[in-house]
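Quick heads-up: structures coming right below.
Both complexes below contain subunit A, partnered by subunit B and then by subunit C.
Coming up: the complex of A and B.
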């Protein structure tokens, strides 16, 4: 008798593994279908008997289930294999089914940024699965993303809509009314426009034309100082965000490039291989912008020393090269066909790639030698 | 319900009604359909926590029974309280690995589940609810089988 369906018909087809727990084929099939389809199990499906820890092997499974389910089983089996192995990770790109192998250890992640490239072309960090964030190490990236999620909008708003009281530094929002401000906290009276003492304003109640008075300039200097940290963050954030946006536009650019390449082939009689330089240029722009974006998060946390200057020079060189290439790249078709421009673009492309590698090599070396950050 | 479930529950029912084979302390109260059954259980030895009480269990069978576990809870009625146990919440939900998909085996049946619950009560000496009972009871909306139980105390 089958202990699952309690059926004891004659000629009931049954199945058992080496453990000897025998059930009818129909029940076994139901059981396996449930485990594979509903519970997503594969490598850990046990014999249906209570307390029996025998795992269903692939050969028994193939005997019992439909080829379709058997395919799903293999898929799940591969998935657990990759998930259980530290040196393998799934490529996070949408619809990509590849796994990537990398031997990086968790404790090395503060010294190395393990970017890997999948065969599908997607580049990501093996440490944290985010898209390529060289030169910034994972921990720094995590902090930066959190800071941006928490602070960016608030900081922007504070910067745009408030000023600090020249006397006690409380942050004040002017939400209407005249320029005569009285700080709620310390009762200091000042002019919103020039930040100078209100008592010096005399009768110009609603208009301030006293921008160059001494009390005003001093107050503005003090204010500027108190804003340095906020402005510093926004400086890096805006550049980071700018490159991020450009990277997004690169996606559109890529499709445009493809169209341009086709147009160019028909307009100038160039062959497919002769227009590939546009593709290379587009790729270079994307990768370089991605790197540039993260150099700004990296720079935000970087402790200032002699190495910083070299880093900033490298960053500046790469940025300049990228913007140059970007400008050339957006020229109309007629000009793109010009052979001189083509050579220029090819030169700039390889220059950008070279600058990027120099920057990354430099930061990778410094990271490995224990670079210091202000976290 | 799948034909497998119908056939199986029919057999279980016939077995219990015809031969009255249920072990002492376990009685079938209602089994009108193949979706929901009610059973009463008692603890037969002299465990002071449960002496003289009868408890009501409600079984609900899903489409996949017996491949999937049934949903089993205590229900409160007059003369039918919820038993005190560090793995039984005051709303009747039972935290028992046997009733989750990883601890369930299709070889289990209504009778064996009742016996497991009975022995879980018999062996218990702690007269209290699980940790965080009040919170769980007031916030939980998930079906028992979808709850990821955290076993605070594995010695019970």
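Coming up: the complex of A and C.
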């Protein structure tokens, strides 16, 4: 009798592995279908007996289930194989079914940015599966993204809407009322307009015209200092966000241009292959902007030393080249047909790519030599 | 759909050789739906106490102590026994592995389920869970927290809830 369905018909077909737990073929099949289809298991399906840890091997499985189910089983088996192996990762691009192999070790991630390119063309970091983030190492990227998610909007708002108490530095939002501020925390009384002592305002209440008073100037200086770190962050963040945004615009621009190029092809007699330089330019803009974007996160954490200047020069060169190319790229179609502009764009494209490589080589070298960050 | 042989056999056996301290009776109109009663194991906070007026007499019947009686509902889905039965407490219970809705955190009801297990084995596991609460793997986080911070107080609360809610219906 089968212990699962309690069937005891004569001629009941049954199956058991070496562990000897015998059940009818029908129940076994149901069991495997449940495990594979509903629970998505493959490499770890155990014998149905309670507490028996014998894994059902592929050969037994093929005997028991339909070819369709064993196809799904193979799929799941491959998935667990890749997931269990440290040197393999699935390509994160949508609809891509490839796995990529890379021998990077976890402890090397502070010295190397293991960027890989899948056969589908998508470039990503093998360490953290995020899109290509050279030159910044994974740990830094993680911190930066977290900081931006937590802080960027808040920081912008704080910068625009608040001031700090001149005495205790508590951040204060003035959401109404007059300029006579009394700090909730330290009870310091000051003027919102000039940040000076309220007591010095004499009788000119509610109408501050004392901008030149000493206490006010000092208070504003202190205020400026306490804002420096915030401003510094916003400096890097805005440039980071700007490149992200521009990369998107460049892409849109390319799609638009591509359409027009088709029209142009028929109008000017240029062939398809002759307009491909625009595609390369678009690609270069995307990748360079991606890199530039991350150089700002990188720079935010970089400890200042004489290597920093080389880095900043490289960054400036690349940025300049990219902006130049981007400008040419945006020219109206009629001008794009000009063969001189075409040569210029092709030159600029390769120049951008070269500048990008130089920057990455330089940072990769410094990283490997143990570059220092202020985290 | 006809009731599978497996369920028929299990039901028959539950009736003919009931597990001590556990009863499971199927509804007449739905043989996959069971009313379950589990007695709190002796020595556990779910054991329960006799009502005041019976306490004197109970002293004479020490061999049959009064128990907390917990009601549960159990449902066998169409995929049973490939998937575990659905089961939950109907009686309020103060236990780190049972939440407010009566849902139970137990390995054999989840990933350790095997089609070779049965209703009776599951109910025995639940009874054992009453005897050995596991606050390290909590479902009711607040209860588990009490349990870890002050076990004596938690046990006292569990006893109090048992004598308040887990009382057998007078027949």
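Throughout what follows, the second predicted complex is superposed on the first by the 305 of 375 C-alpha atoms of A that agree within 3 Å, B and C clash if a C-alpha of one lies under 4 Å from a C-alpha of the other, contacts with A are read in each partner's own complex, and residues count from 1 in each chain.
Note that contacts are C-beta pairs under 8 Å (C-beta built on N, C-alpha and C of every residue); 3 or more make two chains touch, one makes a residue touch a chain.
This structure is a prediction, so every number in the text was calculated from the model and none was measured.
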| item | value |
| --- | --- |
| Joint occupancy of subunit A by subunit B and subunit C, clash or fit | clash |
| Partner chain(s) touched by A:30 [first = subunit B, second = subunit C, both, neither] | both |
| Partner chain(s) touched by A:92 [first = subunit B, second = subunit C, both, neither] | neither |
| Subunit B versus subunit C as contact partner of A:49, first or second or both or neither | both |
| Partner chain(s) touched by A:6 [first = subunit B, second = subunit C, both, neither] | both |
| Set of subunit A residues, in rising order, touched by both subunit B and subunit C | 3-7, 27, 30-31, 34, 38, 48-51 |
| Residues of subunit B touching subunit A in the complex | 2, 4, 7-8, 11-12, 15, 64, 66-68, 101, 105-108 |
| Subunit B contact footprint on subunit A (complex, rising order) | 3-7, 26-27, 30-31, 34, 38-39, 48-51 |
| List of subunit A residues in touch with subunit C within their complex | 3-7, 21, 23, 27, 30-31, 33-34, 38, 46, 48-52 |
| Subunit C residues touching subunit A - in the complex, by the definition given at the top | 4-6, 8-10, 79, 81-83, 114-117, 121 |
